[in-house]
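What follows is subunit A paired twice: with subunit B in the first complex and subunit C in the second.
Coming up: the complex of A and B.
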C-alpha cells in the first residue's frame, strides 16, 4: 500500500510537467472534485448519512471568498479561513436540524437547505450578483498560476486525506462508525449519536468548503450553480463511480468523472446520456465502484480459536 | 434502599396498554428476573428503565436518583450496563475495538478526533480484561460481523460491563441461542456475576432458565404484574402454574 501511495504521489507531482494547458485544467478540476468527494464521503461512509445538500457548504465557501475579494478587496488566499468558517457555520445549521432525521427525510432536508441558499444567491442581485454571479476573481501569486493552483489543489487533497485517515482511527471516528452500525447500541454505551453526527457533518462540510475555495480560484468566478442541487449530485456520482467503501475511492471517482466528461465532450454533446450509461453499468456490474477492479488488501484478523 | 426502584409505571402505544401500573424494587447484589410470554411487557419495562421509551406515568429511581426521563446515553454514566435482546455489537469493528470504544465512552474520551483508538493503553488493557471475563480473548482481533450468535451475546455483555455497572440489565440474554448455548450462557452469567458482585435485572421467557438463575422473579402478563417472589414462591403460585408452567392450579 505504501509503495502504491508513493508511486501515485510521484506521478501526481510530475504530472503538470507532462500536460498541456487543457490537460492541466482538467487535472485541477479533478483534484478539486476529489477534495469535495473525499470530504463528502467522510460523512457518508462513516455515518451512512446521504447528504444532498453539500453544495451549500461548497458554495458558501466559494461565495465568501468571492464577496471578500470583490467587495472588501481582500487578498484571495487570506479569505480561506473565513471561507472555511462560512462552510462550517452552514454545515452546523444544516446538520443540527437534519441529523435528527434519517434516510430519505435527512436527504430531502439537506437538499431543501441547499436550495434555499441557492435561491438567495440566485435572486439577491445587489449582494451576490444574482444569476450573473461574481467574476474577475483572478487570484494573485501561486493560486493564479495553473501549475501553482495544481500543486495547491494536490496539497489540499493530501491534507483532506490525512485528516480523514487520522479521524478514522481516532475514538471519534470509531464512534461515528458505531452510530452508523447500530445507533441504539451506541447510545447504550454512553454515546450521544446526535452530537457525533452533527460533528461529522460540520467536519465534512468544512472540508467541502476547501474544495469550494479552490473551485473559485480555478474558475475565477462564482455563480449560483455552485449551490445548486446538481453540484451535490456531482459529488455523489463521483463517490458512486469510485466506490465509497474504499479510502481513496471518492478521489479516484472524481478523476474518472472529470476525465470521462472531458473525453466525451470532445467527441459529442451528449455527455449526460453517456454519464447515465456509465452510471447504469457501474451500479449493475461494479456496485463497489472502479476501485473494486483493483486487487484489495484484506483486513487481517486473528484466526478463529478452536471450540 | 433498593438499588433500582420502579414506581407505578405505565406505557401505551397508540391506545394499546403495553404496561399498566407496574412497580418493582431490585436490591443491591440480587439477581432479579422479569418473566412472561411474548407481549407480556418485559421489553417495554426494560426500555422504560433504560430510557429508550418515555414513561406515560410513574417514576424510575436508581440509587435514590430519579432517572425517569434520562436519555439512554446518560443512564450509562450512573452505573447501569445494558445488553439488548438482539445482540448486534458494531460489526465493522473487532471485538477489542468494540470494547475499547465502550471503555472510552464511559470515560468521555470519544470526542478525541486525533489520537488512534488503540493507543489508549489503559482503555485497551481494561477492554482486554473485560474480554477475558466473557471468555473471548482468543477472538479479540476478530471482526464481530463474523461471530456466531452465542459469541455476539458475549460481546454485547462485554459492552455492558465496560460501563462498570452496579446494575446490569440484560434483555432476553438467551434469545436466539441453541439449547446447548443456553445452558452455557446461564452458567456463564451466574459465574460472571458471582465474581463481579454486580446486581442483575434480566428479562426472559424461558421459564426454566429464569427459575435456575434468578433469586427473585416478577411475572408479567398482558402488561400487568401476575406474581412476584422467590423462585419457589413463583413455582407454587397457582396462577403462574396455570398460565406458564403447564399445570392445573
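Coming up: the complex of A and C.
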C-alpha cells in the first residue's frame, strides 16, 4: 500500500508537466471534486448518513469567497478561513437539525436546507447576483496560475485525506462507526450519538467548503448551481462510482467522473445520457464502484480481523 | 389589493396546487408501497407533456382523446421501467435506489432532447376552455378551473380505487405489511408493477394537463422532482390526502408569497418543508413510525 501511495504521489506531483492546458484544467477539476468527494465520504462512510445537502457547504464557502472578493475587495487567498467558517456554520445548522432524523428523512431534510440556500442565492439579485452569479474573480498569484492551482488542490486533497485517516483511526472514528452500526447499543453504553454525528457532519461540511473555495478559484465565478441539488448528486455519484468502502474510492471516482465527462463532451453533447448509462451499469453490475473492478489480490491478503 | 383580485390569486394558487398534486401523488404512492424515492418522477411528468405535444403536434383541437393516449403511454412506460430497472434495486441500499432513478432522470432528459428538441413546448387551450370566464368582473382563464376539476376527479378516482376496490385494498395493505401479503398468496411483484405504473401514469397525466398553462422543456424535470419531493414530504410520505393538503398549501403559499415577497417566494416553500420535517418528520398527515430505527 505504501509503495502504491508513494508512486501515486510522484505521478500526481509530476503530472502538470506532461499535460496541455486543457488537460491541466481537467486535472484540477478532478482534484477539486476529489476533495469534495473525500469530505462527503467522511460522513457517509463513518455514519451511514446520506446527505443531499453537501452542496450547501460547498456553495456557501464559494459564495463567501466570491462576496468578500467582489464586495469588500479582499485578497482571494485571505478569504479561505472565512469560507471554511461559513461552510462549518452551514454544516452546524443543517447537521444540528438533520441528524435527529434517520434514513430517507435525513436525506430529505438536508436536501430542503440546501435548496433553501439555493433559492436565496438564486433570487437575491441585490446581494448574490441571482442567477447571473458573480464573475471576474481571478485570484492573483499562485492560485491564478493553473499549475499553482493544481498544486494547491493537490495539497488540499492530501490534507483532507490525512484528516480523514486520522479521524478514522481515532477513538472518535470507532465511536462513529459504533453509532452507525448499532445506535441503540451505542447510546446504552453512554455515547451521545447526536453529538458525534453533528461533529462528523460539521467536519465533513467544513472540508467540503475547502472544495468550494477551490472550485471558485478554478472557475473564477460563482453561480447558484453550486448550491443546487444536482451538485449534491454529483458528489454522491463520484463517491459511489469510486466505491465508498475504499479509502481512496471517492477520489478515484471523482477522477473517473471528471475525465469521463471531458472525453464524452469532446465527442458529443449528450453527456447526461452517457452518465446515466454508466450509473445504470454501475448500480446493476458493479455496485461496489470502479475500485472493485481492479484485481482484488491486495485486499485478500489483508487481515480480516481488523473489522 | 381588492377582494376579486385576492380571489383570483387564490384560484391561481389552486390551479398550481392541482398540477403539484398530480405531479406528487404518484411519488407518494410509489414511496409508500415500494419504498423507492423516485428522482425520475419529474421526468415522467415532463414526458407526459411531451407525449401529448407529439400526438397533437401542438394543436389543441384533439386535446382530449390524445390526452388519453398520452396517459396510456405513461402507464405502459411506468410498467416497463418497473419491470426492467426498479425491481432490481427494491431490496438494495437507498443510495443505489437514488442513483438508479437519477440515472433514469439523466437518460430521459437527453433522450427526450433527441426526440423532441430542447426548445420550450406549449399548446393552446383545449376544446371547451378557449374563452375566459368572468369572475367578479375580471376575465380569468377558464382552464385554471378545468385543471382544478381534472385534479379533483383524479383524486376522487384514486380514492375510489384505493378504498372501494379489492385491488386498491391490496395496494394499501402492501404499504403496511408486504410479507403478510406474500404469505397470503398475493402476487406482490405484479402489485408493485401496477402501483409504479399508476404513479407514473398520474405524473404523465399531470404533465399533459398542465401543458396548456405551463410550457415545458427538458430542464423542467430537475425543478419538478424537487417540487414533488417538497409536496410529498410536507404531506407525509405515502399519504394521498397529505399530498392533496400539502399541494394546496404550497400552491397557495407560492401564489400569495409572490405578492408579499416576490424575491423569496420559492424560499417560503423550503422553509415550510424544513419546519414540517423538524416538528413532524412524518409529514402533516403521514403515519409516525412505530419504532425509530
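Operating definition for what follows: the second predicted complex is superposed on the first by the 294 of 307 C-alpha atoms of A that agree within 3 Å, B and C clash if a C-alpha of one lies under 4 Å from a C-alpha of the other, contacts with A are read in each partner's own complex, and residues count from 1 in each chain.
As a working rule, a residue touches a chain if its C-beta (ideal position, glycine included) is under 8 Å from a C-beta of that chain, and two chains touch if they have at least 3 such contacts.
None of these values were measured; they are calculated from a predicted model.
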item	value
Which superposed partner A:263 touches (first subunit B, second subunit C, both, neither)	neither
Partner chain in contact with A:273 - subunit B first, subunit C second, else both or neither	second
Touched partner set for A:138, first subunit B, second subunit C, both or neither	neither
First, second, both or neither for A:78, with subunit B first and subunit C second	neither
Which of subunit B and subunit C A:162 touches, first, second, both or neither	neither
Most subunit A residues touched (candidates subunit B, subunit C)	C
First (subunit B), second (subunit C), both or neither touched by A:9	neither
Touching partner for A:170 - first (subunit B), second (subunit C), both, neither	first
Subunit B versus subunit C as contact partner of A:190, first or second or both or neither	first
Partner chain(s) touched by A:178 [first = subunit B, second = subunit C, both, neither]	first
Subunit B and subunit C contact sites that coincide on subunit A, given as residue numbers	none
Sites on subunit B touched by subunit A in the complex	50, 52, 71-74, 76-77, 82, 84, 88-94, 97, 101-102, 104-106, 108-117, 120, 138-143, 146, 156, 159-160, 162-163
In the complex, subunit C residues that touch subunit A	37, 85, 88-89, 92, 94-96, 98-100, 102-107, 109-111, 113-114, 222, 226, 229-230, 233, 237, 263-264, 266-267, 270-271, 273-274, 277-278, 281-282, 292-293
Contact set on subunit A toward subunit C in their complex	50, 97, 101-105, 107-109, 111-113, 115-116, 119-120, 122-125, 228-230, 233, 236-237, 240, 270, 272-273, 275-280, 282-284, 287
Residues on subunit A engaged by subunit B in the complex (per definition of touch)	166-167, 169-175, 177-178, 180-182, 184-193, 196, 203, 299-302, 304-305
